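Each of the next two complexes has chain A plus one other chain: chain B in the first, chain C in the second.
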Partner chain A sequence: MSNILRLIWFDLKPELKPPVWIIMEWSVFLVQVGVYGAMISQLVTGIGNYSQFFAVGLVIMITFDLGSHIGRHFVEHAHEGRLPYLLSLPISRSKLFLTIALQGGTELALMLAVPLTVTLLIIGNLTWVSVVACVLALFLLGFGVAGLMLALSFIAFKSSDLYTAIVTGLSTIIIRFSTVLYPFIFLPPQYATAAAFSPLTYGSDLIRFFLGFDPSILLNPYYAVSVVAALAVSTLGLGLFLVQRLVEGVKSA
Partner chain B sequence: MYAVETKDLTKRYGKTWALKNLDFTIDENEIMVLLGPNGSGKTTLLLILATVLKPTSGQAEVMGLDVSTQSTRVRQILGIAFQEARGFWRHKPADILRFHASVCGVPRAKRDTLIENLLRDLELWDARNKLFMHLSGGQTKRLEVAKVFVHRPKFAILDEPSSQVDLRGKRKIWAQIHKLQEEGSTILVATNEVREAEYLADRVTVLDKGKSVVCDTVRQLKDSITGGDIVELEIDSPEPQILKRALGQIDGTVKITNSSSNRFKAYVSMAESWVPKMTDTCYRSKARILSIRVTEPSLDDVFLHFTGRALRETSNE
Partner chain C sequence: MREVRIILAIARHDFSYFFRTKWLMAILLSLSLSDMLVVALVYKRMMTFDYFSYFVPAVVVMGLFAASMDTGRRIWLALREGVIQYELSLPVSTQGLVIAYLLAGGAAALVYASSLMAIALIVLPAGAIWSALLLLPFLFVLAMGLAGIAATLAGVASTHGEFFFAFQNIVQVTMLTLSTVYYPIDVVQKFLPPPLVTVVAANPLSLAAKALRQYTFAGTPIEPDFLARILLASVPFAIVGALAYFGALRKLQIKGKL
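Presenting the complex of A and B:
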């Protein structure tokens, strides 16, 4: 366990000196919620308070972005020569995978600290149970997305251009065709069909359910929790399998 | 038991064979040098032994442990310095070594002293607090090999350990490698630098196109080239043609040429045993030796001899 923690801290330390990228992410969130969210909530009439709905959507988008970032990071490590080094250390492949996942979890926690706190404050009137359930659901979703991106990252060993194209396209589709920014019941039928395949639909509806949003505009929470858990377990399992069985350092000569 | 043994080891990248049915051994506490041009399979072999790459087929064992099925245990006894040091752009050399030492289980009490001594010895002390991305090519290379020296593994793998490093730095790295051997480590070095191979090797394996062409000590490899030693002679002889014939009859002589009546060039095998016989022949022929210059073949010549191509040419391909 100590080597896992060492590895996580070794990778994170330079990112926190100073934590520019985290502060930038927080700032973007605050501007989005404070300016865009406040304005758009006056235009949207179908939902009680759209700025709350929007703030949760932004939190989900940050979670998704970070999951994608972890997959991309893994590929960059391979091409920069860090992956062969990590693979040569006296750490088992499963622990190495756990390190990558935990590091992603730590980054997610850092990245979401302010956005989630602000969102919870905007929503207000919450119980500890709902906040803990929301945080757990976010991490589950984050692991699921990270696992998905890690599994996809193996494409990048063949072609990083193809990987970038797929991830960019997938991000666009997964976020837009989901309930991240608008409730499922308001979606036109053809969009709703596509949204039913987006993991973010289930993640965002589940988190909104825990945070006390009107259940009539959300998907069934049991269904949502099953999909999010299945996504996390299956993609992390696939990622672990690929790391253990297939991953090889990119040979430089 | 060999420290390292491969049997029928094969690695393919698509249609390219990086290693082809390689049988290869290293004895315990030996420095084995892999000599070959770029693309000969050296790095692939090192990465398979380090469990970074997986073999396509065949078997490889390190200290009796299979690299495919016991990879975590293999990694616990080996350390590798990669050909290119990359990946930790925003870290400092001292931090990189401290992290590496801690992950590899170097006791905390020894760690700082060991790292300081190494940084000083490899002339990285002044750069210890620079970011990795600001180091020169030579400094990053020295830092890469320093990882192995701080770890002091039972089996050390070094891929072109002194490339990009100046002569002074090279000697320091070579001295550290010898020190590691004195402490009991088995060492595998891949290089395409002839001088490095000659300086370090207990034995040399010549690799070409993924196959082991020949493996022996430097001395034996050089001696295995028939007529590889060149002895240039200046002899004052009353009858040079008779002397030339007599020299040609000495055991080990392959060819004698003469550029002038008293200057001879003899292509011989094992000059060290040929020269005494030559002096004896000259004495009996009443000839006076004015000068002798012996040139032995380089490992480049050895490579040329066994592969039909020069090492330097193929390295530049």
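Presenting the complex of A and C:
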């Protein structure tokens, strides 16, 4: 366990000294919720108090961004020669994968500390059960997205540039064609079909369900739980397989 | 005359580098097109006013802004990877090098924004297409001003690793949020204190978005005073950016490092 903790700290240290990215993420969140969210909610008439809906959407976007960042980080390590070094360490592949997952979880907790607290305060009137369920769902979603990006990392072993282009383009499309920023009922039929395939649709509706949003504008929570859990388990399983089998002997740039 | 040719050659090289960066093109295109064709359409269904007509011209301005800001990344990369040392060894003055980067930034942003404008003109009926062409030179000056902001950030962050991207993100979010790109000025007036409303109204992004909405899509005749306001709001940024980048290069020439 001490080896795992040492490796986690080894990777986290550059991001915390100083924590520019974390502070930036918090500041951007506060500006977006405090100014953009407040003003756009004056224009939105379709749902009551859109600023709460938007704040939850931003928290989900941070989770998604961090999940994809972890996948990209892994690919960068492979190309910069850091991964072969990590693979040469006297720890098993499954422990190495656990390290990557735990580091991602810690980073996610740090990034979400302020945004999630502010969002919960804005919504207010919550029970401990709903808060814990919301946090668990966010972490499950984060792991699922990270696993998805890890699963896509095989492209990067052919072309790092192509991988970044695909992942960034895909990320934007997954967010836009989902219920992160707007409820499912407002999507035009052709977009709703695409949104039904986005894991973020289920993740965001599940989190909003736990936070007490009107269930009539959300998808069935049973479907949402199934999809988010299946995504996390399948993509993490695939990621674990890739780490154990495919990354051996990967060439650094 | 020879210096002008070299400046144009450096500008052309930097301009082509922008369009050759695949991941950047993927980000910019996916963001701009999904904002225009998905976000604007869905928000329209959630509002009582025609948000699609309001937001589509704004996406063109957002594209112009994002592409201009990439000038800073290219300057930062040139400073970090030592390309700038090579460029300083070319038979061109330091001022010429600064001008080349701002020209390339402005031109790349204008070409990118023009392609978005072409798509916008397909999805949203235009009142006066000729107005769009008349606005292009003013958008070019605006893009150079925005590239100046990016150059300033690159100069400031050149010694602070990848902080440049953090600074860039904060500036982008602040400038877009404090503008009328996303919401009309009357909503801003209801919500923000008067000094901030003045900032929002004077923001060059607000002016450019308003010009596109009024003159190109609504078809109102162009008012020269308004175009002069765009120039007045943009030129100071270009000058400050040029001076900041020039200062960074001079420091590099004298000390050998930043």
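To be clear about the criterion, the second predicted complex is superposed on the first by the 248 of 253 C-alpha atoms of A that agree within 3 Å, B and C clash if a C-alpha of one lies under 4 Å from a C-alpha of the other, contacts with A are read in each partner's own complex, and residues count from 1 in each chain.
Following the convention adopted for this analysis, a contact is a pair of C-beta atoms (placed from the backbone, for glycine too) under 8 Å apart; a residue touches a chain by one contact, two chains touch by 3 or more.
Keep in mind it's a predicted model, so treat the numbers as computed, not measured.
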| item | value |
| --- | --- |
| Chain B versus chain C as contact partner of A:S216, first or second or both or neither | neither |
| Touched partner set for A:R6, first chain B, second chain C, both or neither | first |
| Which superposed partner A:I91 touches (first chain B, second chain C, both, neither) | first |
| Touching partner for A:G81 - first (chain B), second (chain C), both, neither | first |
| Touched partner set for A:D161, first chain B, second chain C, both or neither | second |
| First, second, both or neither for A:M24, with chain B first and chain C second | second |
| Comparison of chain B and chain C by chain A residues contacted | C |
| Partner chain in contact with A:N125 - chain B first, chain C second, else both or neither | neither |
| Touch list for chain B against partner chain A, complex | 13, 18, 38-39, 43-44, 47, 50-54, 71-72, 75-76, 78, 80, 82-91, 95, 99, 102-105 |
| In the complex, chain C residues that touch chain A | 22-23, 25-27, 29-31, 34-35, 38-39, 41-43, 45-49, 51, 163, 166, 169-170, 173-174, 177-178, 182-183, 187-188, 190-192 |
| Residues of chain A defined as touching chain B within the complex | 3, 6-7, 10, 13-15, 77, 80-85, 87-93, 248-249, 251-253 |
| Sites on chain A touched by chain C in the complex | 20-21, 24, 27-28, 31-32, 35-36, 38-40, 42-47, 50, 161-162, 164-166, 168-169, 172-173, 176-177, 181-182, 186-188, 191 |
